[in-house]
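Naming follows writing order (A, B, C and D), and every chain is counted from residue 1.
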């Protein structure tokens, strides 16, 4: 029976087709191929929804569909396959939805603004979506890596879309290079997984998490290269994590993301909300069964996440450009997700991944709308008072901001709260290291609230602070439509998993728990909990979600309140000077870029030049030296031929005499 | 009778005298004469040892050598003649247009 | 050919076996006769034609003998003549092929080269007499005949080198060649006398027999042997008797240079091979007279000196002169890589095969020089710039010769050189091959300089080349085709060479 | 006789083109060079060999008869194909045609000679990859140098004479070293071999028939021969520190010659290493695993670091070839299916990709007449198509998944990491893999500076999109790269069949 799953490949292929179409005939199509993209992504979206419901009906799908390299005589066979379980089904819906909205929004942002090179743009979007979807449905680590890399390529192409200006190409290069650095570790990890388990499948009895689990139980022996199994699994896990840190812009590889703002705003929305950056976290969730075996890697993940959340939030506080604020908020939010995963909150992290996708896409598109209005001026200090001029944008943006800040009942509150809660309970439950991460995460909540509302106030409230702000450029349905959709989602998405409420009322309303609870054996949240219990030694302390929830809510409100107090007047002034020395540090992002650029320019470049000198001078010098020496000696040798025949006679005689004497002595003639 | 070693010594002496002439004389003609001397050193051996070994091979070959020596001189003189015509001298060290 | 057919079957007089030598000599005499009938005529085509025809006829006869197996085991072994003074066997016939084909190419090429010269009849006669001497050298089985035939080959050569009487270079070359030659022949003769003193015989087999009996005069024998070696070193232009070669080849008329550097050198090797293998067999040498070691030293020094000196020449002809010294070094491996019970036949055969191929490529190269001199182009590398555009055909041929000399495929020189190294390694003397390899790589450098000048460098001079001389072109293209074909058709060459070489041991 | 036909066709085509008038030579050569493509593709379709030609596997399109006898050992005319050589033959024929087409624009003097030499080189390259007798192989191996010398020397850049002679002599010395080593080895085998046929020699060597020779005992002889041959082939590959002829040759060579040089000539070295050293003497190779792996790692990193310092686009690609060839060595020494198979696959993949890169650089050079990164920027503004393909090719070079380069590199990494020849192999592999970061570094930097940013060009030439026949070869190559990247099994199956016998431990191992 041709079940819906037979159409899953189409989810991936439709956007790819739109890529080809836009690339080939984009110029001849209306809107430079936009409609092709919209139709394709919308089609994917519908198929995803259908898949989603099929999965909710209890069906799952784990199927190899293509043999990439068939290993003979017992060599590993490398394949592509589809893995449709609740997690991937949910992700499919999110990605396709946001991709569709971004396409629509692009009509307003790109076409109406009379951009050139639109076919290239829509081709990029199509390929980007296709790559991400391929990554989502991947059933093994190698396939995941491949599409992971393709995602990186697309980000390069789209961030560098305006290649005629100096900024974007540089930003694109940085984005690809930094993530490539992470992917290096990822690739080593992939190779290591193959070398260890002989497979890289995510699911099934022959999947590497399962084999690893058995190996720890001693039921199955794998090649751990002389390490104690758990140690080796930790190493492998951390190697793969390198790719995650790169793509999800976690410390210290987060530096590419703010620069990536050079790209068109819809692209930023896509990158931050649904595709590239989400890919990292999704990967961890995807192979959570493997990480759950190693408390070390879990706590490292948690610490990276918590630190990044706080670190990025503080930087977001002082930014002037609206998109910069959003960029740092993204880094910070993904920090939360990592925190959740590391803290044993698999569901929480997934939940936050979902909600964040909605409200961050919303915020970026909203920012895009503002930027259109401001004639592509992004400086918040020249905005202000826009809420009357563009109400739709304002209210949707506000909804997104509330979600971001984590104000009840907006989506962000529930997910972020659960992340913190899970970390806390496991921290108290005997993994004290998590408490550090928790503390950082909690502190970040305050800053989040602050910079979010600073942004809202500066952009929409007060008096217009520039001519453009007084008379902004209007936006059309194709901008407002996506905003409205996402605005509603940002407000309501959290309701699917209101843990505290469930706690209070005892109602069975933690739909996400149920959702992720079923599915393929070994990939369910229940199984993960068992693993955490048995392998990582994570135990949940007995405290209710209410108190922590109130704490974080209070902090968020405090932050928002401070922002309101500082910036809610007609002519807000900069208060950054109050930060004193910290100000410059924050403006310079803790000199993260500086030291990385220093590494590149002041260390690698001179080193390579030195190597070049060495190569030219020494290695090649030897080669040329040999030739010159032999030619020189040739020049000497020919001087023997003096041209005077008497000398020849002499030399001849001497030569003969030498021979005779030599042999005479040798042979004892005399 | 005279032991054969003495003939060897004699011939060696003659040979060396000839060689000495070649190495020291710059006049092409003297060069030629010295060569003759060396060839005759060979002849001494041939004749002497023809006697020692009691066969005539040596003596016969001696005659060959003289004939060839004559022929050599003929060619040599011809060359030296044109040499004198072209270079106006028979000093063998003067002709060094080609070297190295 | 019917007479020859008969020769193979019925016991005809053995003297018929020296037919090649006789043919050459008679042709020479014929030329002299014609010339004396009409001394003033300088009808070069006829003279050159006769001389070429004679050489080719001798070549055909020798080839025929070789195929029919005259003087080889197949037909009752070597044919000894005149009280064993001469012997006709596979090796002598093989070398005869080299001398005759080179003589033929040189003769036809000289037609144009000498067109403005007088005494052409003498020239061709001298070439043929020299060739006769060489053939006899390869046949000589006694130190006496060796000496006489060597002189028979040398004396005409002196005259040929000095043939351009009004050309200082030619005369200087002749003088140096002659003086060194005279000295060497004296040394040679003295050496013979010493060997005679030690063994009491001049015939190779008797000498060997005497040695096997043991001699009281090891020292005398050793000295004699080394002096004989010197005589051959002169003929093959090997260190330390090589000093005449650069000047002689540079100064002589190019065809003569070709003749000397290819045929005369091969003749030297022919007689050297026979003398040292027949008269002084390794197995019967008294202690202390290990001539193999001497040849090893000579081989290494010769090839190194030749190649290094050639590397930095400005004058193409002189570069070729030095390169021919280098190749003498390679060929010496044939004697240097011998050992008591090693694969001596293979080594010697490889060396012979190399000399044959060398006969083609080196002759061709010098004849190209002749062509260029005929056009009046200068002699330095710079003067050759851009010739490829002006005379593509000849330049292609020259490139073939150069790459073949350097040992690059797809040319005969590749096989002959690498087979030589191959057999050296086979005999266990891998270090000889290594030295050869280094030199070979260096030689690639200076040979490719010529090719570079011909094809890569841009033409600077506005010199107009004259007509395309038929004779020279024929000879050059013949040599080029030969060089090219000797790669795929290397089988008969190497296999014949190694078979006939085997007969010596 | 198919192979003879293939080679003969190429030779004849070369002769025909030599004598054809300059103005038609290019088109004529391209047309004639289609015949070998058809031939090789037909052979591919008919290909039925399994196993390794040297180790008793069946040989496709085999011809074998005695050519001549050298001191008791027969030299045969012995040609045939197996899973290792088949892909390389296809690569050679296709790349030649594309290179010829890409020469239409830049080569404007003495065309007939140029194209004739290209075809002559193709013929010899086909010979190298099909010959199974040492001497036959060696004839072709050396003959390849001749056309390359002219191609670089006549149509090259300002320092072409230096580059040409350097390439010529350097590689020739290498061949001589290899020759001596191998011949000594053969004689060490004594009577156990009767000819110069490689299968015979390989079997005997793996069968442990090797005896002492020339004062060396079997072990020492084997080691000495291995080292001599490794160095000899290493120059062609090239491995660090024997690589310095390569950048000069590449920079000075005209684009089509660079394409052939990087695309096929370098593969001769790795092909020979695989056929000789690693197939015949696995025991020595595995005894020397640490030095060899170190050389591989150093070649990868050192080459990449050098590429980082270059300003000349061609030099960048040249050094990155050194880097990529290092991967191949790493794969060979791994002695796993994926290692050796991946190395073989990488030969083809890198052949296509480096060809693509050199052509792309060439197309830009044709219009701008400069290759210096600093001399231009924003080229993409004027040459969108070329730049687009350039970017695609660059990402292919960086090992972007679903392009051939990734397949090759991933196979190698996987095979090398899992290799059991030495405990430290995973470390070597990880170290070598860092090359993928550096390669991204210098290619992205170069692209950012030349292709992107505001258009700037300080030259008097009009920068416009290249002609169709300039871009078409690029597109074809890109397509092939992607096809091979999506479906590596097209070649990887036959490669594995040919490679696995090498891994099975023979008597010598």
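Assume a contact is a pair of C-beta atoms (placed from the backbone, for glycine too) under 8 Å apart; a residue touches a chain by one contact, two chains touch by 3 or more.
Predicted, not measured: the structure shown is a model, and the values here were computed from it.
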Winner on C-beta contact pairs when A-D is weighed against A-C: A-D
Chain whose mean Cα position lies farthest from subunit C: A
Chain occupying the middle, per Cα centroid: D
Interchain centroid distance [CA atoms averaged], subunit A/subunit D, Å: 37
Averaged-CA centre spacing for the pair subunit C and subunit A, given as whole angstrom: 78
Centroid spacing, where centroids are CA-atom means, of subunit B and subunit D in whole angstrom: 64
Computed distance of Cα centres, subunit C from subunit B, in Å: 26
Junction residues of subunit D, two or more chains touched: 169
Residues of subunit B touching at least two other chains: 22, 92, 95-99
Residues of subunit A engaged with two or more neighbouring chains: 627, 638, 641, 643, 645, 649
Contacting chain pairs - touch in the sense defined above: A-B, A-C, A-D, B-C, C-D
Subunit A residues within the subunit D interface of the complex: 67-73, 75-76, 142, 145-147, 149-150, 153, 160, 163-166, 168-170, 172-173, 176-177, 180-181, 184, 187-188, 191-192, 194-195, 223, 225-226, 604-605, 607-609, 611-612, 615, 619-620, 623, 627
Subunit A partner contacts - residues on subunit C that touch it in the complex: 175-176, 179-180, 183-184, 187, 218-219, 222-223, 226-227, 230, 239-241, 243-244, 246-247, 287-290, 293-294, 297, 305, 307-313, 322, 442, 445
Of all residues in subunit D, those that touch subunit C in their complex: 67-72, 138-140, 142-143, 145-146, 149-150, 153-154, 160-161, 164-165, 168-169, 172-173, 176-177, 179-180, 183-184, 187, 213-215
Complex contacts: residues of subunit D adjacent to subunit A: 166, 169-170, 240-241, 243-245, 302, 305-306, 308-310, 336-338, 378, 380-381, 395, 398, 400-402, 406-407, 410-411, 413-414, 417-418, 423, 426, 429-430, 433-434, 436-437, 440-441, 444-445, 447-448, 451-455, 486-489, 492-493, 496-497, 500
Residues on subunit B engaged by subunit C in the complex (per definition of touch): 4, 8, 11, 15, 18, 22, 28, 31-32, 35, 38-39, 41-46, 48-50, 52-53, 55, 57-58, 60-61, 64-65, 68, 71-72, 75-76, 78-80, 82-83, 85-87, 92, 95-99
